[in-house]
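Dropping the structures in below, format is structure tokens.
Paired with chain B in one complex and with chain C in the other, chain A is shared by the two complexes that follow.
Presenting the complex of A and B:
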């Protein structure tokens, strides 16, 4: 965190000054470790084994916060008889179809109910849902009601979540942690003690993670394990608690809220699938839930459609629901590369991204782009993704010849954040407005300018078209006011549109005002209120010292300027704060109202003892203790009956490329990870435990550079601070492989070979794993051949093998070899990789098994 | 010196430095200091090496094994006894500044804030100041021969702003303010750290009785100054100038007397 988020880390330092203990779990000793009270090095890719053992410790030592757990989590819910755990199936859950590599999630449900996931990959259950919705209609409008799950508050029922959890995590012990992660039992116990002693009524612990957790073939389940821990310990919805995702750029949170992702619409509404006959009613029926605030999805979606298509969106045409694009499967960045290679994807916009350096298996990215008709790159400088066709590694190796590449490449200079207005949304869901300081130089323009004017020109070209396919473009509300010499669209007008307008044309102030009849418009329901009273709430900058400790008047946080989500859980079931020290919101029995330092995340006048009437739906169906108001059952999920593609509980699997066998199960890897669609001669995988690739590489960022380098490698002031690519190795590994400090090393995988200067440092610690010494290799991934500071790209080494929930690549843990000296150039570089493939006996089927 | 303006300075608390180098970049951006060369040094994450004409803030990175004195359970577990020290160095703005003493042009002067600043339009590049600095801070730029160093952002503080490095520092490792206040704050911080068992915590350059009369920019260190590349007992070379000139004068007199005597004897 100190390395990649130094500005955010000031708050950790502040907490430390106030007595907080900081534990840093990382394969490497970093600038964060230097500031931590305890550094726990572990083998990259084994966090579920580590966190799972903490869950087991909490359960067996009875360190959980029982009252919190019983009241606010699904610990008491009873799971259906058909569910079979990994513990009985040697590492897979019931419902696995090894052919299609999918889980049928029906056996994971609560007994006698169907639970719809609150958000995410609901579309996977699409067909089942459509058919069950069809049956529901036979019983009358509204579909089948979702019942409350059966519960056993004594937690004794053998199929209650609590007991399932206990059985599931029983094999995650300090001893397995030692064997799998390389963490000695003493150190594990230290962490367990610090964590549990700092959780409960009076104290809370926060977890902070970043892509070190997400970039794995089982990454989402890492975070799920932390969620289980935090829910058991009562650390959710409370001050000083929570799980914070640090994002890789200034507004990555914003780019999932208003998504740049293929599978969601603004505000986490799923993108519809391309099934026939689908209309708004069926979509809502399949995707929304009957209880909690997601029950109002129709209002959110209709308001969004009204915002996009204005007067053209009417009740009699489903508010233009048919205009929305449809999914036909996964369209992640990696599937897009395969579609390029297959000749299906012809055009590509690369905006503020450098896939030729920053994406996993950078070579495939370049080969894909070489098959395009056209490519638009918008960045500050001529990054590698804009010039691979004339000077990329494949030109050097002879695999591509410039004259054979048909891709027309357009480079458009981009404006920096200081050269435009806009907002950043941070990990805490807080929007902070930034104002333009200077005009962008030369032809550089903002993304907003580019997108708006491109749309404007396309609409002009299509004007008068009678083709139905052009209607979604022509009917768009595309009328932003522009200002200045370069006709920059007014960013605040966009913010106002995202916030939404009521029937009177005035800005809305809360998503509770949204209607499903087309009378309200709102670009993103969770952002509704950011422009309340016609004021840019995100631009508020009242200093912390001039307001309460919650600081509600600094920026604006979604939803409803609430700073801590699910904060009903900061009070006990009766509505009293769990402790004086951790007071956040409370029920005022006299005024019959929720009050708090923060905006209470609950229906304001819903009493703690409220029980929903029979047949209630939406927010009304939440009881007075259903603190997790967005969940279909109002509870924090220790066990996820829906919403995940790879299991209702986290399970330790080895990374795609691992030097070790899975010690816990016969099942080596996540059985539903995405790897088979990426079978390609340039995306070969490693055999399990191959001694040709005995080490584990992990990629990361340095404070001095930014991601794939577009924002830093061209700047002298940053380049001089970290001037070239290096790899970090321990003195022991240096001795084993004959590497010299500041000499050269070549790192090899089945995908590629790169060279790096050698940094021998005791900050890299050899670990003892499964009885042998394991060395890990640290690889910053900033560099590429262009720019002022240059070097090989670490992503030449990584494979395309993805987490099945998020389609995120596994670049945080991959086996590799390291050898002294520089890598060969030209064809010989390819030859070296092929020789490694031969030596390891790699075929096209290696590593492809479920 | 204007008596209404208190002496201003830096307190750099290295115990909270996270090595982000924002100070280095902010300094260069604000003061238009040129890039200092692309050199991967292998000295941990320190590729700047030291203060120079083109580097006015320098973050040192020291990886070292801590001597095991206090086998506190936590410290033991934290990567054994490995520690990674980070510290942002800067011109000390000495009370008795050697550079200023020897400057023949008056280019170096003491400001109303008690800081020491080179005026680039007056400096003639004689370079006398370079060996006169006991810390090796001030340096001549190769391109123009003139001497350059930290101005404690004279322009910014004249306008009521804090220096660029202090402004950019995310953890308040670099603190700017009236020197008296900073010294109080620093004393408090040291006793706090000592109380928490960080026995190595000490101040460097805060003592007005030291060889430079105390630094306007002083530090809290977590090891001996030498570990950070700082002189343990800096002395302004001009401190003994008076005595030296007296000695020289005496020697000259002696010589003259000797010559006279010789000639006298010869006669």
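Presenting the complex of A and C:
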């Protein structure tokens, strides 16, 4: 955090100055470790073993916050009889189909009822939900009633979540942590004691993570393990608690909320999958829930459809629901590369991203682009994704010849943040407006300009078309006011559309006002309120020093300007704060109202003793203690009965490319990870425990550079601060492989070979894993051949093997070899990689097993 | 200039006579340094902004003179950053004013060996034509007998460095075109 989010880290230092303990768990010693009370180096790719042992410690030592756990989590819920755990199936859950590499997730449900997840994969149970709802029609228009799951508040029932949790994590012990992660037992105990001593009524612990947790074939389950810990310890929805994702781009949160992502629509409404005869009602039936705020999904979606298709979206045509294109499986960026290689995808926009350096298996990215008819790159400078056709590594190796590449390339210069109005959503879900300071130079234009005018030109070209395929584009509301000499669209007008309008044409102030009858419009329901009263709330800038510690009048956070989600849990079931020093929101019994330093995340006048009436739905169906209001059962999930593709509980699996066997189960890797669709001669995998690839590489960022370098390698200051690619190795590894400080090393995997300057440093610690010494190699991933500061891209080494929930690549833990000296050039570079493949006995089937 | 003023203007003389023996205070000042003015002081206006790098969202103040960005500083009002910027945020004036920015549309024709220049309007029109053709070529009304109403012909990547308003228009336009392969940096 001190390296990649240094200004955010000032708050960790503030907390430390007030007595907080800081623990840093990372394979490398970094600037964060230097400031921490305790640095815990571990083998990259083993965090579930580590966190799972903490869960086990909390359960066996009874360190959980029992009142919180019983009131606010699903610890007491009883799981159906069909569920069989990894403990009984040697590393896989019930429902696995090894052929299709999918789980039938129905066996994971609660006893006697079904719940839908608040996020994640909601389409998994479509057929079941729609058919059972079909049966439900016999009960009347409300569909089948969904019961509260059966519970056992004594937590004794053998199939209650609490008991399942105990059994599941029993084998995660300090001893297995030592064997798997390389963390000595006394260090593990220090962490366990600090964590539990700083959790409870009076104290809270926060977990902070970044892509070090997500970029694995089982990444989502890393975060799930932390969720279990934090829910057991009572650290969710409370000040100083939570699980905080530090995100690495200015508006990566915003581009997830209003997604340029294949699988969701604005506000996390799922993109529809292709099903026979699906209409709006069936979609809502399958994806929505009966309880909690997701029960209003129809209002959110209809209001969005009204924003997009205006008068054309009517009740009698399902509000143009049919205009939405349908998914068939995953269409993530990596599937898109395969579609390019297969010749299905012929045109590609690359907008402020640099996949030729920044995406896993950079070579496949470039080979995919070489198969395109056309490519549009919008950026500040000539990044590698724009120039690979003349100077990419494949030109040097002879695999591609410039004259043979048919791809037409347009480089369109982009406007900078100082040259346009707009909002970024930061990592804490807060929208902040940046005002235009100057006009963009030359042909540089904002994406707002580019997108609006491209759409305008396309609509002009299609005008008069009677083709049904063109209806969605011709009916689209696309009439934004433009200003100035370059006709820049008014960004505030777009923000106003995102916020939404009521039947009177006035801006809405809350998503609670949204209707499912087409009378309201709203581009993104969770952002409803950002333009309340016709005022740009994201542009609010009351100085922090002039307001409360929550600073509610700086920018605007979704939802409803709430800064801490699920903050009802900061008070006890009766509505009193758990302790004086951890006060955030509370129930005022006299005024019969929730009050707080933050905006309470609860229906404002719902009393703590409220019990829903029979047949209630939506928010009304949640009781006065159901603090997790987006969840279908109002509870924090220790066990996830729905929403995940790879298991209701986290399980330790080895990374795709690992020098070790899985010590806990026969099952080596996540059985449903996505790897088989990416079988390709340039995406070969490593055998388990191969001594040809004895080390573990992990990629990371530096303070002085940004992601794939497009915004940093062209800056003289930053290029001087970090002038070239390097690798971090321990003195022990340097001695073992004959590496010299400031000399060169070549790092090799089955995908590629790169060179890097050697930094020999004690910041890298050899670990003892399964009785042998393991060396890890640190690889910053910022570089490519263009710009002022150059070097090989770490992503040449990484494979395409993905987490099945998020389709995120495993670049944080991959086995590799390291050798002294520079890498060969030209054809010889390829030959070196092939020689390694031969030596390790790699075939197209290596590593492809479930 | 009189001799007296000349002598008094000599730093060593002032060090000796003004009690600043080590020359670390007022004696080190020269007429030249007195004439220097901070760019933040002489700017025509200050525009409130947000750092474009990571997602902490530090406040920035953009100093503008003669319609050019002359300095970027941290915004002390921000409750997030309290005026601080990291090395990247501090270097962001070079990001927006640096000579490494390419400000012209460039075009590489199929099988071409170098860039050519292209007029912006022409480029926009050519891109629109290509979108329509690829969209049409990759169109799928149905897949395995199920209605899809989509195209696999056009894909897009990127959005995390862009504004919410830009992502909104991108998702809206591409979805209306039937494109589904819309992705950004959320996975890296």
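The rule is simple: the second predicted complex is superposed on the first by the 849 of 850 C-alpha atoms of A that agree within 3 Å, B and C clash if a C-alpha of one lies under 4 Å from a C-alpha of the other, contacts with A are read in each partner's own complex, and residues count from 1 in each chain.
Following the convention adopted for this analysis, a contact is a pair of C-beta atoms (placed from the backbone, for glycine too) under 8 Å apart; a residue touches a chain by one contact, two chains touch by 3 or more.
Quantities reported herein were computed from a predicted structural model and do not represent experimental measurements.
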{"item": "Touching partner for A:84 - first (chain B), second (chain C), both, neither", "value": "neither"}
{"item": "Touching partner for A:704 - first (chain B), second (chain C), both, neither", "value": "both"}
{"item": "Partner chain in contact with A:789 - chain B first, chain C second, else both or neither", "value": "first"}
{"item": "Partner chain(s) touched by A:243 [first = chain B, second = chain C, both, neither]", "value": "neither"}
{"item": "A:6 touches, of chain B and chain C: first, second, both or neither?", "value": "both"}
{"item": "Touched partner set for A:447, first chain B, second chain C, both or neither", "value": "second"}
{"item": "Partner chain in contact with A:832 - chain B first, chain C second, else both or neither", "value": "neither"}
{"item": "Touch count on chain A, higher of chain B and chain C", "value": "C"}
{"item": "Chain B versus chain C as contact partner of A:721, first or second or both or neither", "value": "both"}
{"item": "Intersection of the chain A residues that touch chain B with those that touch chain C", "value": "6-7, 10, 703-704, 716-718, 721, 788"}
{"item": "Residues of chain B defined as touching chain A within the complex", "value": "16, 18-22, 24-25, 28-29, 35-40, 42, 44-45, 47-48, 63, 65, 73-74, 77-79, 82-86, 170-172"}
{"item": "Chain B-touching residues of chain A, taken from the complex the two chains share", "value": "2, 6-7, 9-10, 13, 17, 21, 29, 31, 33-41, 186-187, 190, 702-704, 716-724, 726, 741-742, 757, 759, 761-763, 765, 788-789"}
{"item": "In the complex with chain A, residue positions of chain C that touch it", "value": "47-60, 62, 64, 67-69, 72, 76-82, 84-91, 94-96, 98, 100-111, 113-115, 118, 120, 123-132, 134-135, 137-139, 141, 143-173, 175-188"}
